[in-house]
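I have a structure here, written as structure tokens, and I will follow up with some questions on it.
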Amino acid sequence: DRLTHIDSTGDARMVDVTAKPVSARQARATGFVEVSPKVVELLRGEGMPKGDALSVARIAGIMGAKKTPDLVPLCHPIAISGVKVALEVEDSGVAIAATVKTADRTGVEMEALTAVAVAGLTVIDMVKAVDPAAVLTRVQVEAKSGGVSGDWSREG
Amino acid sequence: DRLTHIDSTGDARMVDVTAKPVSARQARATGFVEVSPKVVELLRGEGMPKGDALSVARIAGIMGAKKTPDLVPLCHPIAISGVKVALEVEDSGVAIAATVKTADRTGVEMEALTAVAVAGLTVIDMVKAVDPAAVLTRVQVEAKSGGVSGDWSREG
Amino acid sequence: DRLTHIDSTGDARMVDVTAKPVSARQARATGFVEVSPKVVELLRGEGMPKGDALSVARIAGIMGAKKTPDLVPLCHPIAISGVKVALEVEDSGVAIAATVKTADRTGVEMEALTAVAVAGLTVIDMVKAVDPAAVLTRVQVEAKSGGVSGDWSREG
Amino acid sequence: DRLTHIDSTGDARMVDVTAKPVSARQARATGFVEVSPKVVELLRGEGMPKGDALSVARIAGIMGAKKTPDLVPLCHPIAISGVKVALEVEDSGVAIAATVKTADRTGVEMEALTAVAVAGLTVIDMVKAVDPAAVLTRVQVEAKSGGVSGDWSREG
Amino acid sequence: DRLTHIDSTGDARMVDVTAKPVSARQARATGFVEVSPKVVELLRGEGMPKGDALSVARIAGIMGAKKTPDLVPLCHPIAISGVKVALEVEDSGVAIAATVKTADRTGVEMEALTAVAVAGLTVIDMVKAVDPAAVLTRVQVEAKSGGVSGDWSREG
Amino acid sequence: DRLTHIDSTGDARMVDVTAKPVSARQARATGFVEVSPKVVELLRGEGMPKGDALSVARIAGIMGAKKTPDLVPLCHPIAISGVKVALEVEDSGVAIAATVKTADRTGVEMEALTAVAVAGLTVIDMVKAVDPAAVLTRVQVEAKSGGVSGDWSREG
């Protein structure tokens, strides 16, 4: 076991995937934004229209997936072929899930994680005037499939 | 209390800060990447050079701060005047802290949070071949100061 | 009268505004997307939820305003301090209006026009599977104010 | 008929095209910038060199095509394989036409429209000091070919 | 003397300039692209229209200046207030000079150097099918003025 | 021999490569940053930790390769499948070499050159407070292979 993104002398590099086959792959990631009860009320539209609140985060997440190679230095630019971001208001905050698909030479775990993180940051931005203590937490891959390294899921 | 980024009909907008004074502001945010003991060993350079591993995440975090208005739809473009990102390898993972400064019309909490999130995503990217279960958690503002809305810190 | 963005030898340049004072400015632009009656029905949510359809365009417009200096080669990067994008479904299509504000050294007409154009392109993207003949039309500045060159409005 | 970019609950998503075959596709779009007679004179180089005026718009259009997935939230990143942008000064303004080609899983109508819109915005930027009333109008797809959904042209 | 971008423990950071005053500053940089005699002929328009060849590089240089904080990790985002890029075809290649101005808290040497480098890369891209051996050389600051650190010029 | 990026009327365009086959390709480019003896000492870590100094440039180079189509107007967006950037401190400065790989329809010379140029600009940014006279020089392709146009190397 070693860090694949670091060569034997310790230098960072973008791993060479030229010889890997193009194949259909997908990854699913989740996260959660903890917010105050007052924010939960506002996001549920109690007392005033919630309007675009969750739409902004959903769209930010989709656009965020496309920006992954701009953000994560050693990620390959990748032909994303589908993105879905779901946000659900729960009693203690907002649950976020993102599924990203591709037909390319590497997996899309980072794209799914980035979609979740950017959607989560956007939720915090929307609510921070009301709840400056909001927290983005548990951003993690749930499952990935396709490609040569085999399928993986958090549940095992 | 209401969601400032949503107008009375529910439409998203970038809040008008034209009339707010330019003032020195700063924000500090933190987060944590939980990784396996094996990854902790690798990040500590046991058995092979850790080399650029943490440097990549630190630089990604700094560059991520600058990309905040590209990622978070309703954030203002802002004149960031200083960024510091620190990563510390602990027994259960990597602690991340970012401080962002500006002399502008709005605060830099989102920039500090984005720096932490992007650094955290980059850590996950570096280690995911060894530990696909790594988790980015507790991304949160610790303190902010400057500007008209007053200082705030998580501790109170 | 001459083209200010071209010097006396015909070379393009970004005009020097270093000596211009920072002042509050704003601009308002409008445009219209002509779509089929079927699309008007869908955008009004008849028969199925219209959901995010107009939200996506509104958010794209706001983000588009921030990208103006990346798109229009000779535009200055500018400290946008407020953006509002409104979309209205009418019988023959979608009316778009954008207002952009700044406290900077140049005006924000291009930012307002870019917000309208990007919102309009996004509407076309949303509806093109149903109406490939949709047209973005009449993208124009309605009024601008602030700055040394004086106020202007289309009405005179 | 429904809005493909919105799922059954109204949420926006990037449509899944993973299973679509890679094929050669192209799209052609046009638009027009209405300007004053004075601007037409300047763009024709009467009295002073027109120089880079139209070159700036042509290059902005080509670069704009590449930025489509950054601008239009639900567009797929796509492997553009050719772009041509033509500008023609006519008596009442500037006619713009763009042709974009790809070998990928989705069409390039949005890329062609974006090229036209960005070229048009750039023309307005060049001339706005002389003619603040310039209008970008009739941005529309003329024809597309390739892919599974069949060829389409405005003429029928 | 020390590397200002590295703190006392060796970590990179974006230097804090919050307390520095806004002031008018400018920088001038130059570079040279060595090309074959055949390319010099083509760039001079002998035998066929040179057309947009140098315009593309000039515009790329201007746009490149605006992208400096996206490219150079520790550069501050900066309010560029003017850019001029000049290209001159000489007997052994293309001489490039860029002048960048700002009214901000840091200097614009990196912006001027980036404008030159991007213009130079673009020249190489234009000519590489004819001369794959083209070289971008001597990219350097010639002079800078304004700001607290005093004026500097290569000549002394 | 002609400039392929300019059509017969002199207009710039992105060359149509739709019909070219996808194939494995790579390119190697080099460059050199001349710095003062004092900077060489600092970069070698004499007297204080050199820390991230070269890491920042290496990572900037890798990320720069991915930004090539954003910077060089007529470059195709390309599926980069591997990037390696090496920096070596020598007695008179820093030698930079970049290797870029792809499996796509065009070559990656521009990506390799851009990686070198951006790494070199970043070195200058790191050292400019100590040595404002630093020079980026000899940015050039060393070799390329793959694709239909055949292999090429500077040595012949």
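The chains carry the letters A, B, C, D, E and F, assigned in the order they are written, with residues numbered from 1 in each.
Please note the rule applied: contacts are C-beta pairs under 8 Å (C-beta built on N, C-alpha and C of every residue); 3 or more make two chains touch, one makes a residue touch a chain.
Note that this is a predicted model, so its numbers are computed, not measured.
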Each chain counted as touching chain D and chain E at once: C, F
Shortest walk length in steps over touching chains, chain C through to chain F: 2
Which of B-E and A-C has more C-beta contact pairs: B-E
Centroid distance [mean C-alpha coordinates] between chain E and chain C, Å: 31
Chain centre separation in whole Å, for chain F relative to chain E (CA means): 15
Intercentroid distance (Cα basis), chain F paired with chain B, Å: 30
Multi-partner residues of chain E (at least 2 other chains): 7, 11-12, 52, 55-56, 58-60, 63, 67, 70, 73-74, 77-79
Touch-based graph of the chains, sorted into line, ring, star, complete or other: other
Chains touching one another, given as label pairs in label order: A-B, A-C, A-D, A-F, B-C, B-E, B-F, C-D, C-E, D-E, D-F, E-F
Footprint of chain A on chain B - complex, ascending: 1-12, 31, 38, 42-43, 48-53, 55-56, 59-60, 63-64, 67, 70-75, 109-110, 113-114, 117-118, 120-122, 124-130, 132-141, 144, 152, 154
Touching residues (chain side chain D, partner chain A) in the complex: 7, 11-19, 69-70, 73-74, 76-79, 104-105
Residues on chain D engaged by chain E in the complex (per definition of touch): 52, 55-56, 58-60, 63
Complex interface listing, chain D residues touching chain F: 24, 26, 55, 58-59, 62-63, 65-67, 77-86, 101-103
